[in-house]
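Chain lettering (A, B, C, D and E) follows the sequence in which the chains are written, and residue indices restart at 1 in each chain.
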Amino acid sequence: MTSAATSMPIGGIIFLAIFIAIFGTGLIFLARAIGGQRKNNSAAKRDVYECGIPGQEKKESKVSVKFYLTAILFILFDIEIIFMYPWAISFRDFISSGMGTPVLISMGVFVAVFIYGLWWEVKSRALEWD
Amino acid sequence: MINADFIVDVGISHYLILSAILFSLGMIGVLLRKNAIVMLMSIELMLNAVNLSFITFSKYNSHIDGQIMVFFVMTIAAAEAAVGLALIVSIFKRYKEVNIRFFEHLKG
Amino acid sequence: MGQDILEITINSVKLILIFLMMVQAVPILVWLERRGSAFIQNRFGPNRVGPLGLVQLLADAVKFLTKEDFAPDKAVRSLFYAAPVFALIPATLAYAAIPMSTPISIAAFEAFGSTWGPYLFRVQGYEIGVGIVFILGVSSLAAYTILMAGWGSGSKFSLLGALRASAQVISYELALGLSIVGVIMMYGTFNLSEMIQAQQGPFQFSAFGYTIASTVDWIPNWGIFYQPIGFILFFAAAFAESNRLPFDLAEGEAELVAGFHTEYGGFKMLMFFIGEYGHMMIAAGLATTFFFGGYGIPGITAQELQQVIVGWGYADQTANILNAVLHFLMYNVKFAIFLWIFIHVRWTLPRFRYDQLMDLGWKTMLPWALANTILTAIVIYVVAA
Amino acid sequence: MTADAFLFWFLALITIGGASLVILMKNPIYSALALVFTMCGIAALFVTLDAFFVAGVQIIVYAGAVMVLFVMVLMLFDLKHEVEAFSKGRITGAIKLATAGLLAGLVMGAIFYSSTAVDTVITKQLAAASGDPSKQLGMRLFTQHIFAFEALGILLLVVAVGAVALARSKGGTHHDQR
Amino acid sequence: MDHTAIVSVLFASPLLGFLINGIRRNHHSANVAGAIGSLAVFISFVCSILLWIDLQGMAPDARRIHVVYGSWMAIESLKIDFGFWIDQLSSLMILIITGVGFLIHLFSVGYMSHDKGVAKYFSYLNFFIFNMLVLVLGDSLVTLFVGWEGVGLASYLLIGFWFTDGEKAAAGMKAFIVNRIGDAAFLIGMFIFFVSFGTLNIQELNSMAPTIMESTWFGIVTLGTLFLFGGATGKSAQIPLYIWLPDAMAGPTPVSALIHAATMVTAGVYMIVRLNPLFIAAPNTMMVIAVIGALTVVLAASIGIAQNDIKKVLAYSTVSQLGYMFLACGVGAFTTAFFHLMTHAFFKALMFLGSGSVIHGMEGEQDIRKMGGLKKYLPWTHLTFMMGWLAIIGTPGFSGFFSKDEILWMSFHSPRGHWALWVLGVIGATMTAFYMTRLMCLTFWGKSRVAKTLHPHESPATMLIPLFVLAALSVVGGYVGIPHIISEILPGHPANILEHWFQPIIKTVPGLVAGDPAMEWGLMGASVALALISTILAYQLYVKNPSAIERFTQKINPIYQLVSKKYLVDELYFGFIVNPIVRLSENLWAYIDVRFIDKCTYWAGDLMKGSGSFVRSLQNGNLQTYAMYIGIGLVVALSLVMMR
């Protein structure tokens, strides 16, 4: 591959992203131009939707910590999965070069740790939603 | 030093300088921001800057180990973010704020 | 992006075309969905505007455009407006990496006093060596759209819907990512084109030093035969990723109104729609690519088809293009079948409860995907030994 | 200017701009989004350095996972009413800025100094003969660095356990001293 | 199977047993825990046999297996591998360890069946076996030392097994601390050898030794071996560090049998035999060893006469028998020392297990004054115990006779020997016969003094089978090392198998010549006769005429008291070593510490306080300020690097 070919996808990706951003922004403005924006909306309209009752301004957020716990666990397991990718891609090469067994065992150990972690999280009810 | 060649011939030093600038920006963030979460993000930025120089050297030396190190750094960074955020959240639950001054219990 | 001005232009146009294709596919899908649902539920659906109600799409688009552009007072306007634009980006970027037909090679030719080419145009946005990783990465950015919209709306329903949706998306990303480890192991590459190449031709594989091949030509060498569990997991996870029924918890009307886009209306809403359908299309395209031979035609490889077309009396160049067109049609047939399955499932299955959903992702699909990975590894190891 | 050079300068602009936004934005959510932007830029830089797989992982792990967590936490705790963005103290502030500036300057100086002696243009081919760089990475990771790999597995397990324990705690490090 | 695999299994099996039982330490089933523990050791035993068979197949002077798992440390010239060395000596030693160890594990299943911590107990036992294997097989002094410390730890844990009893926990600590003193000496010895020879590999050290012969007191080899011997006195309970062993009887009886009789305490002897070329090169060290060994024989035997606790008697007997082994080492009869180690392992393990069986049957009673006449309640125990008794007093034909008599002969005859050593040895043998007979009489024979409420009962089969096996070994174990003089009169002239086996690796002292058979017969006859007389005397005194002994002890009451109080050695140590040190430290504290050092520290403290209050302003707890310091440091360091 020449250098132009290697940088081609990245150029394409950036081009497409910028194009969509401009296109999308243009659409927003187009919609605004056509649909228009009304001044002097009533307070009820300007408020966010809360099932028709006046919005409550209580800041005491009682959002479950579960969401963020899920995100943390996601990061950690995601990385473990990402680690399997280079292994998966080169596994056949390892086998053909005669190193299948140690590599399989080392990934087995890793997966065992993974499974233990998952099991622990399930057991400690970190993944319970209620 | 800054001339047409410098702009056209992009080489290892360009990447390294970019890495140094990003690192310093991250450092400023760590040093100056009050918000603990932003500090953590700045640390991520610093780590990213370091990753960039790792990859640069990997390319320069035609050696894959630099990329593997980046892989490891990312793992550590993710682990660090997970634990750091968990800490910050537990601080937040108590003080309802994430100002770094709530971490100042260990002073002389 | 290319060697010379012509290649750059064509590649750019190609990218824009792919984007436009996705955008224009959405109204068709919406129409299909409404007609399909009506059919399933024994109703008529849109059938007034134009033949079979086909012009309904246009009417809808015009209606969306003429709606008032509105943002609530509490909204964080920058994010509120940026979110729908960003909804388009990950889906399109990812979809553009899926190969849709055989590459078209153009021989060198003379024009405007200079030599152009030779060129090799791929019927895809861009060819990426680490295609799977790229697609996974880019589609994981979709979580930001949701969070930006939810938080930017300044509404509690939106925020809660966004948190739910993003938690769901990231949870199923695990199962999704893990379910294709087996596929990667099978083909030993991240490149989608190479995977399709490997699925060309009749069913055959080698085990214990023997080659086992099907006696019938038309049974293709598709991934589904090697990775059935992986396919089921992948498809289910892809459903969850695209936030569609039975996984559309984020917009459980009874609890959360319309989820993270409660406050959205008009064209901004349409753009979220495009993003959502875009994810559906990625899922369909990837399922086709990983498990159903991509653009490959069962019973005949791309090279053989090329020979056949040349045998009909066409020049190589023309045959190449014809070949690509035929493969493109084949791809679209498979693609459409998957899209229809998406729609069909949506109108067949009821919605999960949120805890059931998370349980399914973490406690059922993740372990099964892990088991599939282990099984694949062991089988590959044993068979190769 | 070649396409490569253009790409580099463009990405450099994006990353430096994004990084500046990270430290300048008062609202931490904007900081986080700017950081996502920066990370995507850095991933693109990785691609220009032929580190395709690592670039993909950068997107998946950093942009797709770590920063999602940050954004989620920020939104979950809805920190609109921020106290003040920057720490107080003009003199220490100046010292801090100077320190960071000096560090960057020193590194740059070192690079310029050494680049007179070393060929500055990156050799374009990364061991092209040895095949797919992703495979190469896998081969190396699971032979040379196998112990680090296993250790990271354990580390991730420990972090998962620790983070769950921390997240469930009542919060705070000490009894309230205010 | 190749050797590496066998050795791996050999080590892995008890380690795995340790881990499994350690993890399930809260399970109380003796059968499961015992099965795991015993099976682990049995597998090791099988491995040992396999290794021994492999060695058999090799040429006599090439009988060695060296297994290296990798480099442990390599710092300049110090290179230590995870290496294990199996040759004639260590293969036999691991056979004894795993074989006797297996029997004792088996015995423990019954003995510990009612204990809550049975899984913990077996995990410790397996841990001990593992470390003992490391000790025996280690190819360098460092590896040996790892095992040495490991068995010390296991011993500590097992002595204090019933740690809720303060006295028993204290006994464990005593053993540990006294061993520390020996270990310090051992370490110094190691350092000396490393500094002067540049290696700690046992084979290399041994191969360097033959060129050396030191007659001075302060030569490198003499000093080094003396310090190593110091370590051995700690581990093998010799004068002056023997005091821990009797107290170690606080542990469960099978532990006493395994660790404090058969295996661990013989580690010192093993170490000396292992390094025999080095010790041969240092005659002065050998003299010290011989003298200390002989003195220990007599001292411990004499204390043993006046003990009333069945296990204490056996403990002192062990100390005394270990003294014989050191005596043998000291006079250069290394083969004989190992021979006695082996026979002693059989009969002393047997006697300890027998005593365990008695204690088990007596529901925990250990005082022999409250026994007597147990023969009819515990017939099998009595029978097997009697085999051990016959062996230890040196009845001709039993295993102890061959080994002990060889030691006595060598101590007289060897160029490094002396008639005085022989005299001490014979006195020891006579005393041994006396107190062992006393033990037999008081425990099994004569009138029953058992409390009416107690109903002694015979032990279950799992406990008796090891007794039978060990009893058989005690009887026939001596026939692997029949002295020449006896073999000449036996039909077929059986060879001295052990000597033949060890010939390639155990050197003889220079100047050893064939002895005069008449002299040897004479000496043998004398010692046997003396032992016989003292046996009969003891029998007369304790069974036929118990009142006589009463009167006798009354008459020599001061001496009796002294002996029964163990010559007040513990008190002496406290009076002359521990207390003076405590008093000295108190004085040091009162005068030097308070008046001088404290003043200095206060002054330094004030200085620090002053400067600290300045520095404290830097440590304001603010993370960012700290980060700034790091940054500044980085900048300074970088500039310094750049300026160069």
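The criterion applied here is as follows: a contact is a pair of C-beta atoms (placed from the backbone, for glycine too) under 8 Å apart; a residue touches a chain by one contact, two chains touch by 3 or more.
The shown structure was predicted, so the numbers you read here are calculated from the model rather than taken from an experiment.
Between the contact lists of chain A and chain D, the overlap consists of B, C.
Think of each touching pair as a link: the shortest run of links from chain B to chain C has 2 of them.
Ranking all chains by how far their C-alpha centres lie from the centre of chain A, first place goes to E. The greatest number of inter-chain C-beta pairs in contact is found between B-D. With chains reduced to the mean position of their C-alpha atoms, the one farthest from chain D is E. Between the CA-based centres of chain B and chain D the separation comes to 5 Å, rounded to the whole angstrom. In terms of their C-alpha centroids, the spacing between chain A and chain B amounts to 21 Å.
Centre to centre, using the average C-alpha position, chain C and chain D are separated by 29 Å. If you average the Cα atoms of chain B and of chain E, the two centres end up 59 Å apart.
Under the contact definition stated at the top, the residues of chain B that touch 2 or more other chains are 27, 31-32, 74-75, 78-79, 81-82, 85-86, 89, 100, 103, 105. Counting partner chains per residue, chain C has residues 1, 128, 133, 159, 163, 166-167, 170, 173, 177, 188-190 touching two or more of them.
The set of chain A residues that touch two or more partner chains comprises 4, 7, 9, 11, 13, 63, 65, 67-68, 71-72, 74-79, 82-83, 85, 89-90, 93, 107, 114, 121. Interchain contacts (touch definition given at top) occur between A-B, A-C, A-D, B-D, B-E, C-D, D-E. The touching residues of chain A, when paired with chain D in their complex, are 3-4, 6-7, 9-11, 13-14, 59, 61, 63, 65, 67-69, 71-80, 82-83, 85-87, 89-90, 93-94, 99, 102-103, 106-107, 109-110, 113-114, 116-117, 120-121, 124, 126.
Remark: chain A residues 65, 68, 72, 75-76, 79, 83 touch chain B in the complex.
Residues 3, 29, 33, 36, 40, 43, 52-53, 55-60, 63-65, 68, 71-72, 75-76, 78, 132, 134-135 of chain D are the ones that touch chain C when the two sit in their complex.
The touching residues of chain D, when paired with chain B in their complex, are 1-2, 4-5, 8-9, 12, 15-16, 19-20, 22-23, 28, 31-32, 35, 38-39, 42, 45-46, 49-51, 53-54, 57-58, 61-62, 65-67, 69-70, 73-74, 77, 79, 82-87, 93, 96-97, 99-101, 103-104, 107-108, 111-112, 115, 118-123, 125-127, 133, 136-137, 140-141, 144-145, 148, 152, 155-156, 159-160, 162-163, 166-167, 169-174, 176-177. Of all the residues in chain E, the ones that touch chain D in their complex are 622, 624-625, 628, 631-632, 634-635, 638-639, 642.
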